[in-house]
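Structures follow.
Below, chain A partners chain B and then partners chain C, in two separate complexes.
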Partner chain A sequence: MPDPSFIPAFDFYQHCVVPWTLNFADTAGTVLLGALVGVACGWVGSYLLLQGLALLGDALSHTMLLGIVLAALLTGEVSGGPVFIGATAVGLIAVLAIERLHTGARVKEDAAMGIVFTSMFALAVVLLSLFAGRAHLDAQHALFGDITWALAVKSNFLGHEVPTDLLQMAGLVAAVGLLVRLFYKELLAMAFDREFAAVQGLRPQAFRYGMLAVLALTVVGAFNSVGAVLVVALLIVPAATARLLTQRLPGMLLLAGLVGAASSLIGFHLAYWLEVSTGGAMVTAACGLFAVTFLFGPSQGLATSAVRHVRLQSRMSQENVIRHMFKLKSRLPPTPVDRRLLRRELNMPWWTLGWAVWRLAGRNMLAIPGGTSNELQLTAAGEHAARRLDRAHRLWEAFLVDQVGVARDHVHPTAETIEHLLSEQLVERLDDLLGHPVTDPHGAPIPRSVIGDQGPGVFILSKMRIGDRGRVVGLIDGGVSIAESGALAATNEAGVTGAAARATAMIAALKIPLGQLLTVVDRNAGDESWSVELADGRTIDLPHRLTDHLLVQLLDEPSPEYGDVPSGPASAAN
Partner chain B sequence: MTRPADDPPREPAVHPPPIEVHDLTVSYDKKPVLWNIDVAFPEGQIIGVLGPNGAGKSTLIKAIMGLLPIESGWVKINGRPLARERRAVGYVPQRESVDWDFPVTVADVVLMGVYGRLGLFRRPGRADREFCANCLEQVGMATYADRQISQLSGGQRQRVFLARALAQDSRIYLMDEPFAGVDAATEAAIIELLRAMKRQGRTLLVVHHDLQTAPEYFDSMLMLNMRLVAFGPTRDVFTTQVLHKTYGGRLTILSEAAEQVAGTRR
Partner chain C sequence: MNYSLVLLLADGDWPQFVRFWSLRDPAVRAALAGVLFLGVSSGLLGAFIVLRRLSLLGDSLGHAVLPGVCLGFLVAQAKDPRWIFGGALAAALVASWLITLIGRRSVLKPDACMGLVMSGFFGIGYMLLTRIQQLPFGSRQSGLNQVLFGQASAISDRDLWFMGVATLVIVLGVGLAYKELTLTSFDEQFAATIGVPTRTVHYLLMTLVALSIVISIQAVGVVLLSAMLITPAAAAWLLTDRLPVMLLLSVLFATAGGVLGLNASFMGRNLPTGPFIVVTLSGIFAGAWCLAPQHGLLQRWLRRRRHRLRAQRENVLKSIYLAAEASQAAGGTPPAPIAVSLARLAGYRDESPPKLRAALRPLVRRGLIDVAAEQVVLTPLGAERAIEIIRNFRLWERFLTEEASLPVDHTQAGAEQLEHILSPDLARELEARLSDGKS
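On to the complex of A and B.
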């Protein structure tokens, strides 16, 4: 026996490689037997867990010890048919006793379960100690099992000496797999909605007893390897782990089996390293896998969601910093911003601001020109990002006021949060819904979209602001743009349908050629029409539905005279 | 819209009634909850089952479907024992009767409606899946097919149960409080669906607790209070007198208001 105060140093080669090279047959046999037990328990446990029967599984595996002990005393054998029959019979008696206790007498179901399983379990323990010599069975093995001992009993299989337990468990796993496949729909209907299954004639009661029989088989099969107590953990823990990882039954079965098998492999090496009981180590490994999943699971893990929360907080404070610097540009001279001013105005703790600035500088959104880190300046990338946030914030405010009817002075706090969460597409849909507003409800300008409709700087005419100058580059209809050489008048054919066809016809009537330069001079009467001045000096009114289809390249250079034609590839079309 | 009470009573002479209950007594924990129920439901109607809490409404429909042991009497479906007419009966259980955290999608749940007619070993095929998609469409839940059921609201869960019942494709339906705890829009959608099912000649037996909407929804009513108080066309049964007999002294303000509604319709 190892000294309990001494934990041997872990050595990968010594504890993970040597057992496989030194004695492959025994190692593989142990891991395989454990894995088969784990898979069978994982599958059966999944169905128990889904019906809220985890406790019943616990109770039954304890009571079945009585059946196993009785059969062993009568026959002198601890495996085989009589043991299975004994365990199943005692299990069914326990189920009936539990049901009778809590329907007839005034005993609650959980209390009934506790009474029945502990009394039968205690009786089994008493019998075990009374007649320990008669059968090859002692309390230690009965409760916790011993895989090495389980592998020692061999029988003949196709001319080979194979451990009996290995054969039994392999057969059991194959049988459970086959049953689950054959009766998938009956088992699913029974587990999800027993009454509905009964109405359809799917015999849920028969399948329930069938499931309990398979549970008995599994407990008996696992008895020699992990014992009557530890098998409970293998029934519940892998299934519970799988449930945390998936939302579908087939996935749950697959993962429960995998976790059960992995517990065997990890548990074996754990036991080899610490020189402890393999069954105990296997259950410890299963519980470890559950703990890891509970903490770090992809969608529900505690640590995972904590990390996600911290990341979101960090992103929001960074975004608050750049948006505030963007807003400061309108009231301060374009010099670097003092960090203390930011802290005061954002009301942000110094460590949060410090972290945000450090991250922003790392992402090349902030520059620290002085090097003292008290003077901060937005980079082009930072300004780009800030513009998007400001646009989302102000469009959301406009949406709340115009469409939802929220009071003007109530909208700012919600917009402060939502600006970080809205997707680019949703922001553009808001813009469309609101008719491409230029100012927010407080009268502040809403920044232009930074992405454009057909590449940077290319917008539909209705998104242009007063004073904007641009060049007509095409027509658009639901993402399809028509930009052929020659006048747009020629494009009322294939590919142009419905509203776009009408718009094309109107544009043709107005004689707006591709490459035409225009300047927006006014947005009229609730944004119902746009007044544009063309390069030839004409001023025309374009209705909103038409301006939604005309693609314009926004020209950056200021244009004191409207009539000039800058040189460029598109101007050749004129 | 049909005025329910205007339908002439049908003669059951040609074929047997869809559901016939004869001298049915049902006990729960040895205490009888239904005494000597005798009733034959007419075909192609929406029939309400009404009565106070503990009157045995759910017990009656569960007994009809063989989910509870019968103490005495018998139930016949289309003139035959239930065991030979299982496919004829569809069921919408109470919403709380299942674990909505179960790892299945909306489509999986609806597909369970076809399990009954597949038989052992056969698995649902493409035709079954398409049929179920159509059922989901009929309850306005087609876009939710791949959702995990725990993500649904109460009204959506009720719609999923109705879609599963549609997938059963039965001639007779027993529904346990399909209107319980759903919003107004869902309630309107559900009654529209039930009326469409009725137009296809199906018979619907619906446990209901809201006396205000009852006269509008049901062609016939079964008034229950551990015994059968009255059964017949809504116009004959939904009267102050019968309601008093059914609900005893336990009429609430809401149901008194409904009585006044009933009084104005007489």
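On to the complex of A and C.
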């Protein structure tokens, strides 16, 4: 068992408040320095990531240790110009060596990177361990940094004693920010469309070396506080986190900087609590932020999409239950349905059915007349929803058979899935496209549309079935209904154009008075026309393109439940 | 080699050297045995890693084992090899699973996923390590500090036992699946079509690699252990085209690098072993890169030089012929002893006389020309060569104009490049194609 003292007890006051009240200057300095490192790394890392240079950046940051060590051994200083020049030079040599190896010799790029970075890094560590102590450089600090140590060296700034590293990092962040601002368009083009950038006259090679110099600057700047190894994580983790959250470059830069800065704050308290390296704690905090984003990110988060999936599954099983109960109505006497029968026929595990029934009861779609018994009954709302589903299912089958040419016995499985996904508008569009059919390819009736086109009970004439009686209430034109006193009149208002205008004009020419009662006496499926008997005894044939524009208030509930096809054994088929 | 450099820098003492090689010290014996195991296992697996371009995965897993090692240490509260190896293996497997998961379930590209997991795990591991250093049992047992850069002399007998078993498993695994590994490494699709279970082979290899990574932690350390897999194998691949030879060389290099690096670190008063081993391996690689018979830098330089010198000689020969041809009033082929005065040749080549003499010297040495009384005369051998070159040049020129439809004034540069690399067979072929192509 781990030592109980491995994780000391966390105390909010002790670990989060005390450091700020006790020694504000040091705490603020540490967090600020870490945040500046985090922001610079986040920005540079974002570009590396978008360029697909994440691993090269990683390898180069490692090699730069050699440059820093060499420069430090030669000059005795761990910061300033020579160190930066050393890091850039070694980075450049590494890039050239990698390119040379994988174009000249037959070493693949990945192996070339691995060899170059390990050789240079190993050499740096050998030098470090041999000359430890000279030039204020010891192995642990060089590799993993030490923020408190970095803050110890101070210099004079406008009359104040300010840690040198803080000044340097602030300058670095400002410089990187300025570069991003100045070369925003060029960087954007390089990051997302290199060919476009090349056409625009940008030179990829120059860009690469520019990136290399900025990377060297960042590694050198972050060297004292987080070291040459941990800086790699700060380059990649915040940028990757931001990438999960956004697809846009400005957002990505903003978020990567924020994640970098937040890692510093969280990391500081983590390190204070556990008494560990601040750099390591910063990386851990960044990883934590990445993990949270990866799990709960709004669009791609693992947990988010799992929840979405579970929700969809739950909705689909609920819909399957009510649609099946609706279908059972046509072959069973109108008594409550037994839960076990449903389970058997739907082939659903008991917990799924139990959950679906519980949710449906909660949404008032199912009634459980006997309380906790196994008897279930559809409510009016449930039947309404089931009808919608059944209509979508059967219209989709009709669409596949009529328009796509799929064999009749192959359409059921896809319809079973798609019925849950089709929107109301899409179902009605399908209905129109198919000429408002009344039966599906298996001969089973397609339920009527349950939602009126203009208010409850008001449909376009096309949706009426044989025997339906209705009263004319207006014309519909791109969603705008026009009713005038006396008779329906054509309008020439703006927006009413083309076929729709012609159709309304033709209906107006028929001189059907508003409020006229009519009955559908016949439908001709071939040329898609409706025979309508008017109250004055006239019978007129209206083609599909006209019936779609005539709004009718349906009188009395249609006599057979489904419309004009008597329900028979066929309806149980699907 | 860098070995002497290390000696110089470490001002290591010779008694240490003798002590190392006399093998009297049991710690040295254990360290040597460990490094040998390591050399065999990573040399073997590295060859397949390099051929399959999985080098960076090895690197990622190497960095990613750190938190596993630390957690293993925390659970056991001591440097117990069972917990440390177990923790490392678990961390390597979790890391490779995470790399796949993040790659599949996010917009991040595979390389970014690798970098993310590797650097993230390493950061977390380093934090745990600094935590362990605060704990009483952590500071007592300084052994864990050495996981970063390795310390072969800290290998205990129990560690050795584990390393031996793991090496045996790796050798057996590679031996049994040798045919499948070979096929899938060179042509995965072909292997799949003839019924090799490529996925299983991949997972087998990954498991073996994880095992070899785990056993190299002690001697090389987590930061640099990928070099143990990549560098010897890449050096071997530069030297040979045959897999068995490559495996042999790779094992040889890995072992040699391990032993020499161990020696260097031992003489440098027990400095971390890993960097020394890696620097030695890099030296071996650099040597192989320079001296490799086919892909080496030296060979390539020599080949290029040889070609350049020949092209220069041939150009001089050609210019002698052309100058002689130009000096003839009637044109056409110059009469038998083709000769031209030095002054005229210098004018023709637009060269100063001393430079011309220098250019002529190699031809005289090869018996292609004679220089006598300010007159350059082609020997019969020289004349034959000159005519051949001119012929090649004009054949190409003609080919480029007629077959490749280049404009006449653009053909010369191309023909001048090609005339030197036209083999007699190819020349005959060209001649046949151009049917009436006589000079």
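Note that the second predicted complex is superposed on the first by the 515 of 574 C-alpha atoms of A that agree within 3 Å, B and C clash if a C-alpha of one lies under 4 Å from a C-alpha of the other, contacts with A are read in each partner's own complex, and residues count from 1 in each chain.
As a convention for this text, contacts are C-beta pairs under 8 Å (C-beta built on N, C-alpha and C of every residue); 3 or more make two chains touch, one makes a residue touch a chain.
The model shown is predicted, which means the values in this text are computed figures rather than measured ones.
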{"item": "First (chain B), second (chain C), both or neither touched by A:52", "value": "both"}
{"item": "Chain B versus chain C as contact partner of A:424, first or second or both or neither", "value": "neither"}
{"item": "First (chain B), second (chain C), both or neither touched by A:432", "value": "neither"}
{"item": "Dominant contact partner of chain A by residue count, chain C or chain B", "value": "C"}
{"item": "Partner chain in contact with A:248 - chain B first, chain C second, else both or neither", "value": "first"}
{"item": "Which of chain B and chain C A:106 touches, first, second, both or neither", "value": "second"}
{"item": "Touched partner set for A:536, first chain B, second chain C, both or neither", "value": "neither"}
{"item": "Chain B versus chain C as contact partner of A:229, first or second or both or neither", "value": "second"}
{"item": "First (chain B), second (chain C), both or neither touched by A:11", "value": "neither"}
{"item": "Which of chain B and chain C A:345 touches, first, second, both or neither", "value": "neither"}
{"item": "Touching both chain C and chain B, counted on chain A across the two superposed complexes", "value": "52, 243, 247"}
{"item": "Touch list for chain A against partner chain B, complex", "value": "50, 52, 103, 182-186, 188-189, 191-193, 195-202, 243, 246-249, 251-252"}
{"item": "Interface residues, chain C side, partner chain A - complex", "value": "6, 9-10, 50, 53-56, 58-59, 74-75, 77, 102, 105-109, 111-112, 114-116, 118-120, 122-124, 126-131, 134-137, 148-149, 223-224, 226-227, 230-231, 233-234, 237-238, 268, 271-272, 274-276, 278-279, 281-282, 285, 289, 292, 295-297, 300"}
{"item": "Sites on chain B touched by chain A in the complex", "value": "29, 62, 65-67, 83, 86, 89-91, 93, 97-99, 102-105, 108-109, 112, 115-116, 118, 120-121, 123-124, 148, 164, 168"}
{"item": "Touch list for chain A against partner chain C, complex", "value": "1-3, 5-6, 49, 52, 54-55, 57-58, 101, 104-108, 110-115, 118-119, 121-123, 125-126, 129-130, 143-144, 229-230, 232-233, 235-237, 240, 243-244, 247, 270-271, 274-277, 279-284, 286-287, 290, 294, 300, 302"}
